[in-house]
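The structure that follows is given in the form of structure tokens.
In this document, chain identifiers A, B, C, D, E and F correspond to the written order of the chains, with residue numbering beginning at 1 in each.
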Amino acid sequence: MTDQKFQPVDSSVTPRYAEIASFMRAARAELTSEVDIALVGVPLDLGATFRSGARQGPAGVREASRLIRQVNPTTGVAPYRMANIADIGDAPTHPLSVEKSVELIQDFYVKIHAAGAVPISIGGDHTVPLPILRAIAKDGPVGLVQIDSHSDTFDEFMGTKYNHATFVRRAVEEGLLDPKRIIQIGLRGTRYGDDDIVYGEKTGIRMITMDEYEEMGRANVIAEIKRVIGGGKTYFSIDIDGLDPKEAPGTGVPEPGGIMMRDAQMMLRALNGIDLIGGDICEVVPSLDPTGITCINAANLMFELTCLAAVAHTVRKK
Amino acid sequence: MTDQKFQPVDSSVTPRYAEIASFMRAARAELTSEVDIALVGVPLDLGATFRSGARQGPAGVREASRLIRQVNPTTGVAPYRMANIADIGDAPTHPLSVEKSVELIQDFYVKIHAAGAVPISIGGDHTVPLPILRAIAKDGPVGLVQIDSHSDTFDEFMGTKYNHATFVRRAVEEGLLDPKRIIQIGLRGTRYGDDDIVYGEKTGIRMITMDEYEEMGRANVIAEIKRVIGGGKTYFSIDIDGLDPKEAPGTGVPEPGGIMMRDAQMMLRALNGIDLIGGDICEVVPSLDPTGITCINAANLMFELTCLAAVAHTVRKK
Amino acid sequence: MTDQKFQPVDSSVTPRYAEIASFMRAARAELTSEVDIALVGVPLDLGATFRSGARQGPAGVREASRLIRQVNPTTGVAPYRMANIADIGDAPTHPLSVEKSVELIQDFYVKIHAAGAVPISIGGDHTVPLPILRAIAKDGPVGLVQIDSHSDTFDEFMGTKYNHATFVRRAVEEGLLDPKRIIQIGLRGTRYGDDDIVYGEKTGIRMITMDEYEEMGRANVIAEIKRVIGGGKTYFSIDIDGLDPKEAPGTGVPEPGGIMMRDAQMMLRALNGIDLIGGDICEVVPSLDPTGITCINAANLMFELTCLAAVAHTVRKK
Amino acid sequence: MTDQKFQPVDSSVTPRYAEIASFMRAARAELTSEVDIALVGVPLDLGATFRSGARQGPAGVREASRLIRQVNPTTGVAPYRMANIADIGDAPTHPLSVEKSVELIQDFYVKIHAAGAVPISIGGDHTVPLPILRAIAKDGPVGLVQIDSHSDTFDEFMGTKYNHATFVRRAVEEGLLDPKRIIQIGLRGTRYGDDDIVYGEKTGIRMITMDEYEEMGRANVIAEIKRVIGGGKTYFSIDIDGLDPKEAPGTGVPEPGGIMMRDAQMMLRALNGIDLIGGDICEVVPSLDPTGITCINAANLMFELTCLAAVAHTVRKK
Amino acid sequence: MTDQKFQPVDSSVTPRYAEIASFMRAARAELTSEVDIALVGVPLDLGATFRSGARQGPAGVREASRLIRQVNPTTGVAPYRMANIADIGDAPTHPLSVEKSVELIQDFYVKIHAAGAVPISIGGDHTVPLPILRAIAKDGPVGLVQIDSHSDTFDEFMGTKYNHATFVRRAVEEGLLDPKRIIQIGLRGTRYGDDDIVYGEKTGIRMITMDEYEEMGRANVIAEIKRVIGGGKTYFSIDIDGLDPKEAPGTGVPEPGGIMMRDAQMMLRALNGIDLIGGDICEVVPSLDPTGITCINAANLMFELTCLAAVAHTVRKK
Amino acid sequence: MTDQKFQPVDSSVTPRYAEIASFMRAARAELTSEVDIALVGVPLDLGATFRSGARQGPAGVREASRLIRQVNPTTGVAPYRMANIADIGDAPTHPLSVEKSVELIQDFYVKIHAAGAVPISIGGDHTVPLPILRAIAKDGPVGLVQIDSHSDTFDEFMGTKYNHATFVRRAVEEGLLDPKRIIQIGLRGTRYGDDDIVYGEKTGIRMITMDEYEEMGRANVIAEIKRVIGGGKTYFSIDIDGLDPKEAPGTGVPEPGGIMMRDAQMMLRALNGIDLIGGDICEVVPSLDPTGITCINAANLMFELTCLAAVAHTVRKK
């Protein structure tokens, strides 16, 4: 049915609860040029300013993703038939230094990029996208779709430039992201002040608060995403706290009144065909997730990102 | 106020937290011809292919259903004034064999059917409806309203015909269900392949995916349910995973992006008057439900099914 | 930026997880006439008829409210710049007598009222608003906005006049509330009978069930709230079970099919400018809240009530 | 094998997880003179001064006691072959008044006593033994074995005479307990002051603190229990907080450094033959017991008390 | 420091929380003759008669065993320097049939045995040792050290020969175990009757109840183990419910008053040098283990078994 | 009864569940020279190498310590009558840098030391004692009693000198601790290698493993503690993982087979009269503590340390 070498564990042969957990039961493999889409964990929470524990995010999502199957129910995309997809393990991190971790992560993604693979990652706190972008967007600014309750455009936090509230600003400053091609969806939550929003407005980031999301409706938001990112290379970053807390209680900084999983799924499915160069889901904290719903939702979003990547891979091959 | 013999515990006399838990505090009784509506537990999880624990479903729902009162807030239906409703205990099952359990369950429901009672059941995994239908639909195919994230129309799983993913197909094959009078609501979730969907299409089952549900809207879905089942005898089966995982994390195979309790309640309330011959709620796993919301929602859905059964009972008596 | 004396802990200096927990990190202070808005805990659960544990409500919300910041994302209201807001601790209660607790609470709020402060309270079960209203509405009946799944207009429960199901009726009888200026939003849940609803209809309380809420839509509900309460003094009481159980599993009597946090937030934000004399959030039970979402949502609603109070304070000062 | 009428559910026929939960799967029956040992729930937490929730104690223990079998592994006692043992349901209580509850409980146990049954009860907070003793020890003072971390000999708490810290003192004052025949085991925990201990010393209660327990060793403690209670009528009350918190985290006032289940079991087993007139296990709070260990241990202690009662019953019959 | 090929992940380079979870961070490998000690998961719970969920045992222990290091603190044994140890994944099982699962498991262990590896396994319910013994003890009866609260010597359960209460009897009947060389430690728990104990006595199994354990003391129990198993081939099976429930709440049938982890560790450490042909830890149910202590303890016991296997391997090589 | 100015909340007036949580309900106060014993939180987890979350330790222990009373049940010490004891809040920390945090903590304790107060602290991970010792032991090396499963004498971890596994070595190197006056109790757990133990042996640290603890018995261990620390100034550091995991599951690196709370309490009580200059309890992780037992035990140990400090204060005053 497919000529792709890497195939996930077949759940009609090996029960879902059996065998070592890999992301979505994908084949485990070392990084080589055979890998088209690399599923990667980035266990880091040293950039978190409130509740820590996102370092267990990759472990939690690997376990929860046992129930992911192989075909997208809305789009029909079957990614494992379209690309070689493998769980290549976790990026190295340093358990005691966010700065060293950022360097180690960047080095790892440089290799992924060199191998020609598109990375779909599970964080880790939302510091994680910065070293990824440094590795895969170093040839010029790319676009960004960001589902998040916070804009992550602060300049610093307590004198620190690298943390989970600053990655967008850093990436714009470093020329990795084109602010005109950034769209942020789900912004809300009580606020410290205006510093982050002013920065976004000044640089031309398209910020869609929950108020605006609700006024526009999902269909118009999807159209707006397409308009903002246009046809260029695009990265997709999901802070799980962009979802409503009832969808994702297991996160560091939950903010009520957010995006529903159904809407997140449909937004992602509507973006088939974008030139995706990578994606991540961050801020999953399993120790705060006794019902497991956060990890389950993250696993399902990982599948959606993987479908987007598989379609983009197919387009590129043509 | 009523001449029905069986009345639930009166919570204005006996506090909700007191006394042995029966379903919705209904009277406990042996099965006799006096019972019009039989509340039944079916503790079984040997048909589950991922996470087990639904064998504790009846115990969990009995405990959670202490807070159910006696009058439907939307329809005004007061079932205990319309029919003799009793918790008749659990169907016998075999803890080590799904096949023997299916036989034991069938035998038990044959007796319920012979006594003239309509069973409203709490599973147990979704193997449970098959032996129920064999007992109560043996005189000819009936209709089915199914709220579920999966169509349960697989032919087999690992060589096994009887499990929680095949009951609809088996029941159609055995002439218990009329596929033209089956409607499935809430289908979604990543998929293995097309086998189940193809079967549904081929036999004429009306499958409403979440995509279609959303496009149609609840009112049109209700109209479509009525159209499909028409005026004939109808069974109602709710796999609790038809609800969104945030409504029902305590289940074996949660699938994000599902039906909200509010919508489930309103669909059920809109079907007053259908010729209901039985109903069930399956796949509740209390050990995966630390907040208790799954059991609470199942208890409330049990009340809705009981209201439908009470109205149907009244219609039949006329 | 502000000349208000009482300022909350600055989370850009003191991390959110640090220091003793006060409501929303507000300044802790003894009650004096300097306090404009008093944040108060009322630890009581002796009025609860099903699941107890609301006595830990204030402790749970203090801890969860560490993540509240200072500016409202929709309205831009920055309450700490507009009024002196302080956590003045808990009202005294008696751990073994609901009657004595009601007296102690009333005495405490008499002092708050005398000091000229508007109280925003965290209960405690829903007996709590009665002694508050006795203290702050003693000069004539006021209006009430009530988000709740139950109308709390029973006459008594097992012979007892003071409990969590009667406060509205008592307050109307005592001339504290004007029934024509009461609006209840979110009513639902299976019912005992008609006693409470009949009382509401007879006295002219505007009861919006979930059925009606859904038919009207949020915007019309907001308009109706404004119409009912008009320009007079108004109290705002939120029983956390007015929210859907997936938003608030940690409560004594959860009722599926309720109000979403997003809608609660937007209703509150739309009422800027009402003449708020106090508000409360009751029935938070931390021991039933393993994900913490109930406490987090209560904390966010407390911020919304505080914003309303700050605007009202500013209007009054002019 | 036995001529006793009431037999528990046979777990080799009906799986442990099946059927409505009764205490230890005992037969459910109305109170009649056929019942020799009455298993009773007393759902009350209005006497608790710290963490509430013991009102769910009977429900929690009924569910957890599904795994109790029929023969004591140490003594070989098989109580169901020796006496008619039935779960007669819960004592009535008032959800809003500890005083009324105390009266209702007393009335219920008067009936049990009149029927000639020995009650083994699951509370409820530790106010519960007082009304029980008023009913079953009204003919003269009896002895008491009390496993507890607190002596419960305070005179009052905040002006209240009836609560979970005073039952022993009240019962002595009322002539229900003979202080010279009271032995308290497991006393510990930081203390308010000396009031309770002074009372115990003054009246001649034998108080064994954990310090003394450790010095004496279990065998000597058992001998001391026998010495103190002698041959007369004896009641046995277990506050589950007498156990170490790792054995019983689900309780209102846990005190580290307590008694192990193994020791509690062996103490109880060593007392075969005492003239037991009743026993209880109090202060089980299921909402604080996520691992379930507290309810499981309480269920096992209930079996031990039932074995003592069965032996005493057999002795009396001779 | 070692010439062994397979080395675990080095936690001083790769943080404990990083990378895909394998048993004790051991190298993952396909089964070949290079593997001396095979770490295996056996995900099965179809043999459980009360609470299911042991199918997730291997997943839970893999995750929890991230904190196992490389040197035994008491004996100094460093197994990875002594033998090639690898996680070879899970034995195949059938999710719907205990009989088919038993066959699949046996086939898998036949291959392990043929490859010359000693298996250390994580179940799965306690049906698991039977197919293992069929594979690795087929050349003659071996000895058994069993830590367990139940003797597992029933003849059948509800007509079923293969389940978690019968493995010892089956294995004796099939000539896989020499009853004279079986020692069972930790027996306790209320009992159904005498069938299992009589069988043990009749066949000469050495049964050490908790009563006898306590009387003998740990040192004498260790001596007795050595005496019973003598110098021959020995298998070691740990039902995690042999531990006290406070050490292992996450299991199907907890029995209070059991063995402490400290004692289990020291018993295992004292058996260095026995001719171990395999070992297992069964009945770990992660869904009932919210604190994680059961999985953590199982992980530590797995390390102890692995140390025994490494010493035995070294002895054999000489 | 006492002339001490700072008194805790009186729980016979203000219920335990009421009011803002401070450590053991102690008076909250700014640091002044009036404070004799300063209760301090140190919210830090950036030095943790496995599971994070100890930054919530102070919040968790403040809440759990509501049940601490005022008199020691074994020694009779009543610390609030002997010294002015206040909760002075949390030491400042930096959420993104362990190095900066160490500096901030040190500065804070310098002020405590200058004010003449003895600090009793709740961490935070076990990096915390180093900056404390730098502040309060800068005049010459002091003794150390350490209850811990790990010796914390590593030289570095992944190139980092300051983390939760190195504080003892750093403090010895810096002349803050006299290795001859260090005693470590409870060492166990699988090991990386010998680096830490060799350091301890070389420098003369008295290391008591669990094996030795068990051989010696508690009384001899207490005697050995007294012998090692002698009469000089002593600091007391408790890593909560020194307790057995069933006493403290809520910690980063649990190691089975550890010290019981009863033993910890009795060791502490036996040390009345030592010249205590400070103490801490570290590594409490509330997010991993669903039963709450870890926080409760930490709260009780805090009381024991406070009693020691109060006695030492009294001795010094004489």
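Some notes on this structure:
Methods note: contacts are C-beta pairs under 8 Å (C-beta built on N, C-alpha and C of every residue); 3 or more make two chains touch, one makes a residue touch a chain.
None of the values given here were measured: they were computed from a predicted structure.
Both subunit A and subunit E are touched by B, F. Looking at the partners of subunit B and subunit C together, the chains they share are A, D. Put simply, the chain farthest from subunit C by mean CA position is E. Note on chain placement: the centre of subunit B and the centre of subunit F lie 55 Å apart, centres being C-alpha means. The distance from the centre of subunit A to the centre of subunit B, with each centre set as the mean of the Cα atoms, comes to 38 Å.
Counting partner chains per residue, subunit B shows two or more touched chains at residues 15, 17, 49-51, 55-56, 94-95, 157-158, 246, 288, 290-291.
Interchain contacts (touch definition given at top) occur between A-B, A-C, A-E, A-F, B-C, B-D, B-E, C-D, C-F, D-E, D-F, E-F. Across the interface of their complex, subunit F is touched by residues 11-13, 15-17, 66-74, 246-247, 260-262, 265-266, 290-293, 296-297, 300, 303 of subunit E. By the touch rule above, subunit A contacts subunit F in their complex via residues 45-53, 55-56, 94-98, 157-158, 160, 162-163, 287-288, 290. Per the touch definition, subunit A reaches subunit E in the complex via residues 14-15, 17-22, 28, 41, 43, 55-56, 58-59, 62-63, 87, 89-90, 92-95, 290. Subunit C makes touch with subunit B in their complex at residues 49-51, 157-158, 187-194, 209-211, 214, 244-246, 249-250, 253-258, 288-291.
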